[in-house]
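I am attaching a structure below and will ask some questions about it afterwards.
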Amino acid sequence: MGEYRFLISSSPHIHSGESVQRIMFSVAGALLLPTIAGVYFFGYRALILVVTTTLAAVLTEAIFQKLRGKPVTVWDGSAIVTGMLLALNLPPGLPLWMAVVGSVISIALGKMIYGGLGTNPFNPALVGRVFLTVTFPVQMTTWINPVDGTTGATPLALMKMQGIPTDYVRLFIGNVGGCIGETSAIAILLGGLYLIYRGYVDWRIPASYLGTVAVLSFILGGDPIFHLLAGGLMLGAFFMATDMVTTPVTKLGRIIFGIGAGIFVVLIRFYGGYPEGVSFSILLMNAFTPIINRLTVPRIYGEVKTR
Amino acid sequence: MNQYTRMIVVLLIFSVLSGAVLAFSYELANPKIQEQAQKNLEASIKNVLPGITKYEQVEKEGLTFYIGLDDQGNKKGIAFKATGQGFGGPIEMMVGYDPKEGKLTGLQILSMAETPGLGARIQEPTFTDQFKGKSVNDPFEPKKDVQVITGATISPAGVASGIKSALEKVTKIYPVGGDY
Amino acid sequence: MASVMLVSLLSMGGLSLLLGAGLAYASKKFAVETDPRVDAINEVLPGANCGACGYPGCSGLAGAIVEGKAPVNACLVGGPAVAKKISEIMGVSDTGASVERKIARVLCQGGKTEAKLKAEYYGVKSCRAASMVNGGPKGCPFGCIGFGDCAKVCPVGAITMSENGLPVIDEEKCTGCGLCAKECPKFVITLTSVKNEVHVRCRATLKAKDTRDVCKVGCIACKQCEKACPFDAIHVVNNVAIIDYEKCRNCMKCVEKCPTKAITSAFAKRKKAVINDNCIGCTICAKNCPVNAISGEVKKKHEVNEELCIGCSICAEKCPKNAIAMVRGECDIKTGSFSACSVVK
Amino acid sequence: MYQLVKDFFNGLWNENPTFKMIIGMCPTLAVTTAAMNGIAMGLATTFVLVFSSLLISLLRNFIPAKVRIPCYIIVIATFVTVVDLFMAGYFPAMYKILGLYIPLIVVNCIIMARAEAFASKVTPMRAIADALGMGLGFTWAITLIGAVRELMGSGTLFGFPVFGENVTRWVIMLLPPGAFITMGVLLGIMNLLTRRGVKNTQCH
Amino acid sequence: MKELLLIIAGSVLVNNFVLSRFLGECPFLGVSKKLETAISMGFATTFVLTMTSVATYFIQFYILEPFGLSRFLQIVSFILVIASLVQLVEMVILKTSPALYKALGIYLPLITTNCAVLGLALLIAIKRYNLIQSIAFGLGAGIGFTLAMALMAGIREEMEFGDVPEALRGVAIVLITAGLLSMAFLGFSGLIPM
Amino acid sequence: MLKTFSGGIHPPYNKELTKHKPVEKAKLPQKVIIPMSQHVGAPCEPVVKVGDYVKVGQKIGEAKAFVSAPIHASVSGKVVAVEPRPHASGAPVMSVVIESDGMDEVYEGVKPPKSLDELTPDEIKNLIRDAGIVGMGGAGFPTQVKLSPPPGKTIDTIIVNGAECEPYLTADHRLMVERPDDVVLGLRAIMKATGVKRAYIGIEDNKPDAIEAMKEAVKGFNGIEVVPLATKYPQGGEKQLIYAITGREVPSGGLPMDVHVIVDNAGTCAAIANVLKTGMPLIERITTVTGAGVKEPKNLLVRIGTPVEELIEQCGGFNGEPGKVIMGGPMMGISQAQLEVPVMKGTSGVLVLQKSEVKTNEPMPCIRCARCVDACPIRLLPTYLGKFAERGMWDEAERYHALDCIECGCCAYVCPANIPLTQLIRLAKNRILASKKK
């Protein structure tokens, strides 16, 4: 009986079986819903964009790791999520080469220089998206109308510049101008709820984020439902503000994160130079995340007050 | 000498010397600086009032006007400064106005803090030239009678509203068709 | 012109008088005792207050250096020149030569190929962490675990982990700080004087059979070394041989005898005695040689049998005429020409 | 003589203020929207650096330690004001761009650092050599940064179109983020270069 | 009141001294390694900036301008006054409250030769703020500086855990991070007409 | 709502393997290896020599310190060795090896004491001490020490820990179903020894039969209440149990007695009952031998010192290729390299996992998903503690309360990145304590 050589390790000896890969591919799966909606409304061009950014993101990560002589870990799926989310945040008519630039910036500057998965302070897809917004403002604000294929303004820009509202049903279903993935609130909601159900997304962030925007826009005399449905808020709240790497680890911290992001969105939408502030709000709160983590360390079981 | 006195004395020597050097340099450079400022002003006035060779400065109701004259001393138009609120800060401009025709004769941006490559393109002739010959009674609304720059609507709007609000005062002092 | 000049002179003069007087008064009134070294270092530092060192300003760094929190070369702007001056002020210099230099030694040779594993280990790749799991995966409870905690902690990078999973110490680099010895959960590393060349590289107090079961190169307490040692310097205590370095003369006899090669030394560096022409043939050396390696007639120059000499240096110490030199490495002992190799004092 | 040459080259590479000592970052980041600005700012700084170093070196035994810093500041501020005045008078276009940052040469850490660390301790000749090296080292470094940002942000180099008129410009390069990112990436590249250099010297 | 709030908000968010005006970069890059230090430094700077705003207001509008000296004695007098004031305050704090000195005082000398302080003084002169506005501006600039310092320090503490490429370690990665941070702050551009 | 605590996890329980199997008496072992260190505190000193003949219940190890407990022979026979032998912790420990003569002769000194009603509190404590009773819930703290709080500390509540939250294990479960009266008798002895009038028996609600049996057994005894608890790991952790039942929190760094509570395992109570009834010291215990790696999982009544090997043989040997042998449960047990290790007073289970069940996935980078944070019953931030430990930042780890970690394993269980968080935190605790000693 003594011939066997056993394994020794520290307890625990069993594991939940959950893995990073499974989480990432689930998110990618959930993202397929808004992707399909985007392709439905904007045509094959949107699909090409999604495929391009995803491939570019994965390749960038692989090349970066090869150059550093580190193991290539693109199969953890996080680069795929980043790539998809970047495309979903782009106007459907963006030149492909710009999308590739966005992917490279996302992964290289947004993620790999900090050491890769799990170490980046900012949401990589949003780093890419905001970089593009600031770098190529004209192309990034040229919107295609899903109905007739002409260019036009997004509902938020119409509201901000001319004060014209768009009706809720169209916003909810998604046949309005905007980024590929942000048009259809219903598709995002379904994907997001699935992730909450699977436990990959903490409901606290979307709830506090959307709640803050609704309340504040109401107080400031805006139309809360319009502000919830228009622009990238839904996509941001369910898929981007919830990126676990760049958001607080404590429950209270996540609520603060959502509220802070909500305040920034309303500030920018109502008073800022840009019609939309979701990307900026999340990036800004990403910067606050380490401090939030520090300040919201939970009171541990049996903590004794010292001094 | 006690160390504190020495401290004070050395400091004093240094400051006084520095004061002397600076006052001297200032005397040297100041005329040149004034000259430059004058030259810039003159250039911008000439730019917005084509065809003039000299100008007169007039103060009216707290505003400064530069009345442009040609070789023969004929009045060719009025230049004045206007300020608009842009994307990155105030936009200062020189506007040329011909009261006889009730039209603008030119626009030059004197200073601004708009984004390079975007809002900053309001300095380019392609933008400023559209105001040449524009009637002062136009609405000055972006995207309607004022062409904007793609991706940057705020800066042109700032220029337009700056001119419009300045014109409101100016046309009261120098009404269209009136003498000056 | 004149008036501008006058006003500017007056106002600058007035301003500086005011501020100078204020400062002078304040520095008198609010004088505070400080560590003179802080001031001295402050003098030496560039005073740029750039913050590049990570401390708030030069005086912040000066304070930190005096408190020992910052290294003397923390100032980037000042560079090595400033670092040198600061080290003078702080009195840290590398002239600690009076103390005998000690270096770290690894007392285990049971690497991947020699030592048996009792189990597979899965978990944090740290010796200490692994040692807390069932004592680690090695069959020998005393053996090196091989995850290199020692290498990680060495401040000068003197330790590398060999292919075989054992730490190798670069004796040149090692400063003898002893951090590795403190870090090792198995107490495999110890500091001994550089002069000691023979080491028992096993600490296993297991019984002979158990040791043999888990490791090919362990000490099996056979006492061969004890018998071989001409100086009574090595003894088996609690199943493992231990060298008394007071007595050990680096003769390496025990090393020759050890059946498992648990005792090691660098044979190539073994010393040999060489007798030169100062020899008056007093025979003292021959009488004292523990291995009878010296022969010669009275009043004639003696000779060393290279084969027999174990390099214990006794003869050299006893020789009244300083006619014997201890020499390292390969050299022609017959002719006494040892220019190419080092003479050991 | 050899010492002087060494002092001079020190600032150009080994102890380059921008890429090695990483000081004087404000002007480095602020004015480098074009290569030409870099040259102008660099030369202005060099001027102040050289003259203040010279003066401080000359007066090094005269100034009491307690008021050392205020005295240096006065000397430096004086030269800066001189540059400011003459630039405004003779190079108005450049003055408009460098604007606020000319007065800020006063607090550029490079100048104080060299005054304290070097000029106040050596002969006037060496002080000048060092100041020139540091100043020119600063100049080439910020000109390089300016060139990169200008090339990508405006498609021009020293004002001349490089890529033709219709190329897409990378607006971000002219904005604050572009400054930080360009500087960071260039610094990374410099680190790579130096490290390789170090490795080579170790081999010999 | 609203105007003062706008001045403060503007100098914190829209025209943040560190992230969009490039003032005070050296301490921002150097002293942002630890959150506690960064915040202390921030508070010390805020204090000095507010003090400077008052001092320079009086010098500019009661000495320099009345005597026509502002064009050429501005720099010298500002920097001289700032340096002396800071030194004075430092001595006073050191004597009166060693605890406060440990928390704030040690940062003071670092602040003297910091662009932010002189920059503030010059900007007050340029913008022709009145006394209250100047104080608000100084306070806002200080808060903005503290905010940028704190954010960067927080990020840097977490950056310790990542495997940053060799060549980028140290200031390089901090600069790039500052770039991303300043990119996020661009969201505020156009927020408040300045 | 059932009573419980914050955090925690729901691992698969796998108790079906043994929960309906009555406790079987294990075969008398051929040889027992009795380590002199089976408890928290000072090891015992052997009082027998090689060649001595000993009988069941005879004292073979003397406890010299206050925090210690004597050790008794569990079989009769000859002492064949007194030397260091493998121990569950890995390092060899001084042990007495007895070769059984198969007679199972009881030591003359073993006699039933007076009845509980006649015993004074001090007599009860002495009985418990002399019988070598230590906590049987795992930690092995000498029970008599627990029952003697230092002056100034008052106790108002006794909690019997019948939670048995560890997956797989059913030793306490079977005990409570089969011998509920013993548990109650032991508890009453403890109550009498400490003069406490109120006691709770906490049992997870996945053991309805045990709850029933205990409820039946406490009938007629005032002040004893059976409390069903939510089924959640680590419900049986002392701190979690105290919080769930009394709402009190043991202060950080403190002991249950700081909140006036004593917690004792159900098995411990039964062992006390055994002493009261027969006078036999602690020489055997119930151990669950289970897991997919053994052919017939069983609950066995085992003599202390029986090598694990023999237990596995009695359960039909290995089933398939064994990958891991664990003493204790899967969440907190210690994996073993050698099968010679003996069962000790605290060994509630022997779990054998098949090779295919044992995962050795390489850790990935932490994605800061905070699952560990949500799972930690102490509300620590394991992700940070792990990072500090990886980088040797012991001071920071201490500031983030590493020392409060109860090593329950919840964080490592849930971590999707497979980071051995619990081990890292253990490492940190080890280093922090080491630097404190200096």
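Remarks
Note that the chains take the letters A, B, C, D, E and F in the order they are written out, and that residue 1 is the start of every chain.
Heads up, the rule we're going with is that contacts are C-beta pairs under 8 Å (C-beta built on N, C-alpha and C of every residue); 3 or more make two chains touch, one makes a residue touch a chain.
Owing to the predicted nature of the structure, the values given are computational and were not obtained by experimental measurement.
Using the contact threshold fixed earlier, the set of chains in contact with both chain B and chain C is A, D, E.
A count of contacting C-beta pairs for A-F and for C-F identifies A-F as the more extensively joined pair. Compared with chain C, the chain whose C-alpha mean position is the greatest distance off is B.
Farthest from chain E in terms of Cα centroid separation is F.
Spacing of chain A relative to chain C, judged by their CA centroids, is 54 angstrom.
Remark: chain A and chain B have CA centroids separated by 46 Å (rounded to whole angstrom).
Averaging C-alpha coordinates per chain places the centre of chain B 87 Å away from that of chain F. Distance between chain centres (mean CA atoms), chain B to chain D: 33 Å.
Among the residues of chain D, those touching two or more other chains are numbered 22-23, 66-67, 69-70, 74, 77-78, 81, 85, 109, 112, 171-172, 175, 177, 181. Within chain C, contacts with two or more other chains are made by residues 4, 8, 11-12, 15-16, 19-20, 23, 27, 48-50, 52, 118-120, 122-124, 129, 132-134, 137.
In chain A, the residues touching two or more other chains are 6-10, 109, 115-116, 118-119, 131, 134, 137, 273. Every pair of chains meeting the touch criterion is listed here: A-B, A-C, A-D, A-E, A-F, B-C, B-D, B-E, C-D, C-E, C-F, D-E, E-F.
Looking at the complex, you find that chain A touches chain B at residues 137-138, 141, 161, 273.
By the touch rule above, chain E contacts chain A in their complex via residues 35, 150-151, 154-155, 157-159, 161-165, 168, 173, 176-177, 180-181, 183-192. Residue ranges on chain B touching chain D, taken from their complex, read 3, 6-7, 10-11, 14-15, 18, 21-22, 25-26, 28-30, 32-33, 35-36, 40, 111, 115-118.
Listing the residues of chain C that touch chain F in their complex gives 118-120, 122-124, 126, 128-129, 132-137, 141, 152-153.
Contacts from chain E toward chain C in the complex involve residues 26-27, 29-31, 33, 37, 40-41, 44, 63, 67-69, 72-73, 76-77, 80-81, 84, 87-88, 91-92, 94-95, 106-110, 112-113.
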